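Written below as structure tokens is the structure these notes are about.
Letters A, B, C and D mark the chains in the order given here, with residues in each chain numbered from 1 onward.
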Amino acid sequence: MTWLLAIPGLPAACFLVFLVSSRRIRERLLPLPAVCSFITLGLSVTALARVWPGGAEEPVWRGVLPFAPLGDHTLELSMALDPVAAAMLIVVTLIAACVQVYSLGYMHRDERKGWYFGVLSLFTSAMLVLVLSDTLLLTFMAWELMGLCSYLLIGFWFEMEAPRKASMKAFLTTKVGDMGFLLALFMIWSTVGSFEYRAVLESLGEWPAAAAAMAGFGLVFAAMGKSAQMPLHVWLPDAMAGPTPASALIHAATMVAAGIYVVARMLPLLALTPWVMEFVLAIGVATALMGGVLACVQHDVKKVLAYSTISQLGFMFIALGAGNAEVALFHLVTHAFFKSLLFLGAGVIIHAAHTQDMRLMGGLGRHMPITAGTFTVGTFALAGLFPFSGFFSKDEIIAVLVHHDHWYAAALALTASFLTAFYVNRLLFRVFSGPEQGELHEGHPSMLASLVVLAGITCVLGFASPTFAEFLGGEGVWPELGVALPSLAVAGAGLVTGWWIYGRRGVVVNTRIYKERFARLYGVLDQRLHFDTFYRQMIVEPFAIVASALATIDRTAIDGVVNGAIGFWKRAAVVAWSFDDAAVDGLVNGLAKIDVSATRLLDDFDNGFVDGIVAGVGHVVTAASAVRRVHTGNVRTYLIGLVSATAVLVWVLTR
Amino acid sequence: MSARDVLFYAYAALSIVCAVGIVRARRLVHAVVWLFATMVALAGIYLTLGSELMAGVQLFVYGGAVTVLALFALVLTRPVPELPARLSSASPWVAGASVLLLLATLITTTVDATELRAGVRPAPSTALVAAELFGRYVVLFEVAGLLLTVALVGAIIVARKDDAS
Amino acid sequence: MITAAHYTVLASGLFCIGLFGVLNARSALRVVVAVELMLNAVNLNLVAYAVTSGARPASALAFVLLLIVIAAAEVGLALALVVALSRRSDITAIDGYATLKG
Amino acid sequence: MNGTGHIVEVLAPQLIVVLTGALVLVADLVLPRREGEYPGRTWLAAASVTGLIAAGVAAFMAPANTSLLGGTLAVDGLSRFFDLVFIGIGIAVIGLSVDSVHRFTPWVAEYYALVLWCTAGNMMVALATGLFSLAVFLQLTSLPLIALLGLAKNDPRAREAALKYLLVVLVSTSLLLWGLSLVFGATGTDDMRGIAMAAAGGTLPALGAAGLVFMLAGFAFKVTSVPFQFWAPDVYEGAPPAVTAFLSVGSKLAGFALVVRFLALSIDALDISLAVGALAVASMTLGNLGALKQHNIRRLLAYSGIAQAGYILVGVAASSVTGLSAVLFYLAAYAIANALAFTVVVSFVDATGLDEVGDLSGLARRNPLAAFALAGALMSLAGLPLTVGFMAKFYVFMSAAESGLYWLTLAAVINAVLAFAYYLRIVWTLYVSDEEHAHVSMTRRHALVMVVGALGVVVIGLFPAPLLDAAHRAVTALIAG
């Protein structure tokens, strides 16, 4: 089954072709990535057929490439096809195909679309490698490569300030998470002597507790960065500065799910350490809630979707924290489809409305029936309404929580799902109903085709829920009424609330026709409006305050903590280098400097954590200048530094 | 105290005085003269060690060639003007402290060193030295020759005017 | 009795004086002169060890001879460079060369 | 076995390089030159490269694992590894100099001869197993560089760089020789293996330990590790770019060749993890912090080089077979990537006379190959997958973790993340530009070096096994022997 290599190979070849060909040739080859993605989709379906009906432990295919010798071992880059990988292959190739086709329409006016399609292909290839990878080393390489592609695509419109900054922020924030990955890799190597998934999972009995905790936590930390979990989620909303189809593929469906995917595969390792699992659960709950709250107060369509992605990734983390990988993966799959559907729909909307601000939209529904219809399917799936796919997957998560007696988590998850339904309706009403704004037209056929396909999948995928679980080797069950009803009720309540606040205005406008005929009734409505004011003051505004406080914390406190740490570090550098200066410049002078710096160090610590608003960049710059000050330009100070270092070293070593 | 010990202390004192003279001399030409004097004193020390070979080389190569070279360079360069104080960030005090620390460490370590308790024995003959030089160190000998070539080529191209080619 | 330690103490003194001279030299020529002193201290050490230590005494002396050649090469090149620099620049003091920094 | 013929046979690579240098000088006398034109200079470069290639072939064929001249020299896997690396560096430096050297000096033949002799010195340092031979060979790596730096005496910045390098070398050499004399006095031998064993067994007298520290100070300036790094940024910025390129790879690797050999001899018992680890952390942090705000590309690469020295020291601190193999691999990876980066810088400075990071803006449109090569080199230095730098960093960090130095691994990983900020900043500058700039032309020879370097970065990044295998075998043979 070496032909499986063509699955990641074809998109990579596309990238190479785009890399080496001139701009003119590139323009002619634009449909090539789409064609390739259809071929890879076909291959993936064949691969799935080979694995079917699944449930087996052993992979049906394994390809090994000896990569590099390391001591007595050999590092291998191996790929394997097992049920999980096969399922993910379908998801990735299908969505990639939709996005490629969609992009043909979406990007057709852009000057550098050749580069865009090339990088998108490279990304697809990296993601497919990650899915097929059978060793953590290859996973990590693909993981890093995806980070680079994400960076390139977020910053695609680099002429503008925002994408430039956002791309850097995304790259560096996820890089911080990657440190955890590296540490986990090193822990795994020193304990197991292999990076292979199965070798690691078979060796679980021999793991010392501390090593297991460090490796597990490292992986979780990496996933937090990649999958935008609090507090490393800050890059994802900014990443919306990139092209919308790229957001659909990378920042909704695939790359952000990579963290979940890797943790799901390594879940038994994490499960060795209870506190790591509890940490995952807590992070998941916090992220789900925070994402939900913040999605409620955004005005930018894409940002609403971004925060909703964060929230849904939080749900997947919850499932992982509860110890159920299949459920997390199923939510990953359903979410991938309906969220990419929503993003692609948002792209059509943004094209039509020429803005991303919901307050400037409205009345789009009548002119764009296909977009409105498919988008509504997506939002209902997101809200968890029967019979759309989101209902099944979210229901399973809550069922898992209930079965494992995580009652608090279940309650908080339900709250988050209430919020989801609420902002979903807010989104729908703001965009599609109300008065029209300017000329509107339906999207390009290639874009609509993708929407329809994804919407179709979203409608039926939920019913595959037990099959999916069995395919992965778990136990397939249908939703229980005891769990499904409350969660449906919560979602319904959220929808109604959303309608009450955002949708009802339309109702009021309509009732104006009846104003004279039913004056008394209108009075009641009017009174209801007073009630609404009351309601607004008592519930919405406190809520808004909490939300904006959260938003402020989101913007400042976390940055603040980071900045505080940076400030601390910078002062530490100043202290260290003042000491160096002191050695060179005269001790008395230097001691005073150390004193001042040390005081400032404490101050920074204080300010950084208490005030939370410190210009972090400036601090690193100061640290950098401290280093530069040491290099005075006078070679005699260099020599004196060299000799005094030698003197001290000699003195220390002959004691 | 044997005569050799007396000679050692005398030459040692002389060489230290001359070495201080190198550092303390106000004019560079004086410093070079002090250097020459130090080398002569060291040649005396080599004699107390019983190594006439080294004493001779010291006098002729160092005392002769190197000092003349330094004086030659001195003639070709301009004198250094007095600079305003505090122009540089390099502090003589830190330099002095580092060197003192170094000196103290070296002396205490040397005094404690049991491996240096051995007294002076007859120096190896010149023939033995030559055998070593052209036996074990023949490659080093060749490389030293190459180093002289490098220095020669380097000195020529560095010092000559560029339009000479 | 005069032992190797006596010679090493003397050499340490010469070396440190030379080092101090290097660190406080205002002109590059002075650095070269002081470095000469330091190299002489090294030679003194090696000759003393050749005469006191048991193992292969001739090897140290042979190395000292090589070292003198090497030092001559180094000093010759250094002097040439210093002369060349001083011919092309108004600055002769080391402290005057401080435009490259940070 | 110690006949002259045998020595010539075993040391053939070094000998060929030295003789090629002499040959180039002689050829310069007979080659014709016209008014202001010197067509022969290309031939000189070609002859130098040919000689280096011949030396490379000889290095392949030379008998391995021979100890020469009473144990003062050893020809083994390690020396062969470094022979090939230094020959590669020499070829790259000559390739990137061929179109630029006549811009700053008329002494073209002397320039090539000095580069060749310095390369020979670097190769010999990797052979040395005795202190005396080490001292002599180290001089051969430093003196030609002083002369090379002194060549560009008409540029004030180059003058300053030359003076600073000269003074640092003079002081360092004195410290090294002084330390050597103390070690010899304390142990009565110049055999590095014996000294290493004594140091490892804890039987090294205090005087010998002091001597080793002096020796460390004497050559550590070559590897530009803290606290011996001060000179590097100034000299890198001021010197002619081609010489800087040579300095940044050749000189640094010579220093590390020495470190690797000494450590390999004493690996079993010498506990240096803490001290070397501290130096590594200091170097990485200072280098990366210093690079963050640099505007001059050469200066930035100097600070980056200090940080890279720190990463390499991480592998040294691991003091294991894995660590030393990782160090060798890292050195090769660093040499390729840094030489590639400097090739672009040399080419750019030649074409424009500018060397600020901002001047590189929009290079991707002005010269796509150069921009791609520089981006590849920087990404390799940063350690991105698919480049050789990724595996290098991965191995080095992993060797530290394997030795249980988790604090060091963590510090290194954090530093690697920090470093991305400034490497990416340059890549941005290359690919992002609003205004129109003139095309930057470069010569075909520069383009050739760039293509070869970029291929090296990617191909070895994808297939690191042969190089890693060679590094591993060199280290295991050394430790077993």
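Methods note: a contact is a pair of C-beta atoms (placed from the backbone, for glycine too) under 8 Å apart; a residue touches a chain by one contact, two chains touch by 3 or more.
Every value quoted in this text rests on a predicted model; they were computed, and no experiment measured them.
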item: Required minimum of steps from chain A to chain C, each step between chains that touch; value: 1
item: B-C against B-D, pair bridged by the larger set of C-beta contacts; value: B-C
item: Centre-of-Cα separation between chain C and chain B, whole angstrom; value: 5
item: Distance from chain D to chain B - Cα centre to Cα centre, in angstrom; value: 31
item: Rounded Å distance between chain A and chain D, as computed from the means of their C-alpha atoms; value: 42
item: Cα-centroid distance, chain C relative to chain D, in whole angstrom; value: 26
item: Of all residues in chain C, the ones touching two or more other chains; value: 4, 8, 15, 18-19, 22-23, 32, 48, 53-54, 56, 59, 63, 66, 70, 73-74, 77, 80-82, 84, 94-95, 97-102
item: Sequence positions of chain B contacting 2 or more other chains; value: 88, 90, 95, 98-99, 102, 105-106, 109-110, 113, 116, 136-137, 140, 144, 147, 150-151, 154-156, 158
item: For chain D, residues that touch 2 or more chains besides their own; value: 132, 136, 139, 143, 146-147, 150, 153-154, 163-164, 167, 171, 185, 188, 206-207, 210, 233-234
item: Chain contact graph, described as a line, ring, star, complete graph or other shape; value: complete
item: Touching residues on chain C, where the partner in the complex is chain D; value: 4, 8, 11, 15, 18-19, 22, 28, 31-32, 35, 38-39, 41-42, 45-46, 48-49, 53-56, 59-60, 63, 66-67, 70, 73-74, 77-78, 80-82, 84-85, 88-89, 94, 97-102
item: Sites on chain A touched by chain D in the complex; value: 66-71, 140-142, 144-145, 148, 151, 158-159, 164, 168, 171-172, 175-176, 178-179, 182-183, 185-187, 189-190, 214, 573, 620-621, 623-628, 630-631, 633, 635, 637-639, 641-643, 645-646, 649-650, 653-654
item: Residue ranges of chain D in contact with chain A within the complex; value: 163-164, 167-168, 171-172, 175, 206-207, 209-210, 213-214, 216-217, 221, 227-228, 230-231, 233-234, 285-286, 289-290, 292-293, 321-322, 325, 384-386, 390-391, 394-395, 397-398, 401-402, 404, 406, 409-410, 413-414, 417, 420-421, 424, 428, 431-432, 434, 464-465, 468-469, 472
item: In the complex with chain C, residue positions of chain D that touch it; value: 132, 135-136, 139, 143, 146-147, 150, 153-154, 156-157, 159-164, 166-167, 170-171, 173-174, 177-178, 180-182, 184-185, 188-190, 207, 233-235, 237-238, 294, 299
item: Touch list for chain C against partner chain A, complex; value: 19, 22-23, 25, 94-95, 97-102
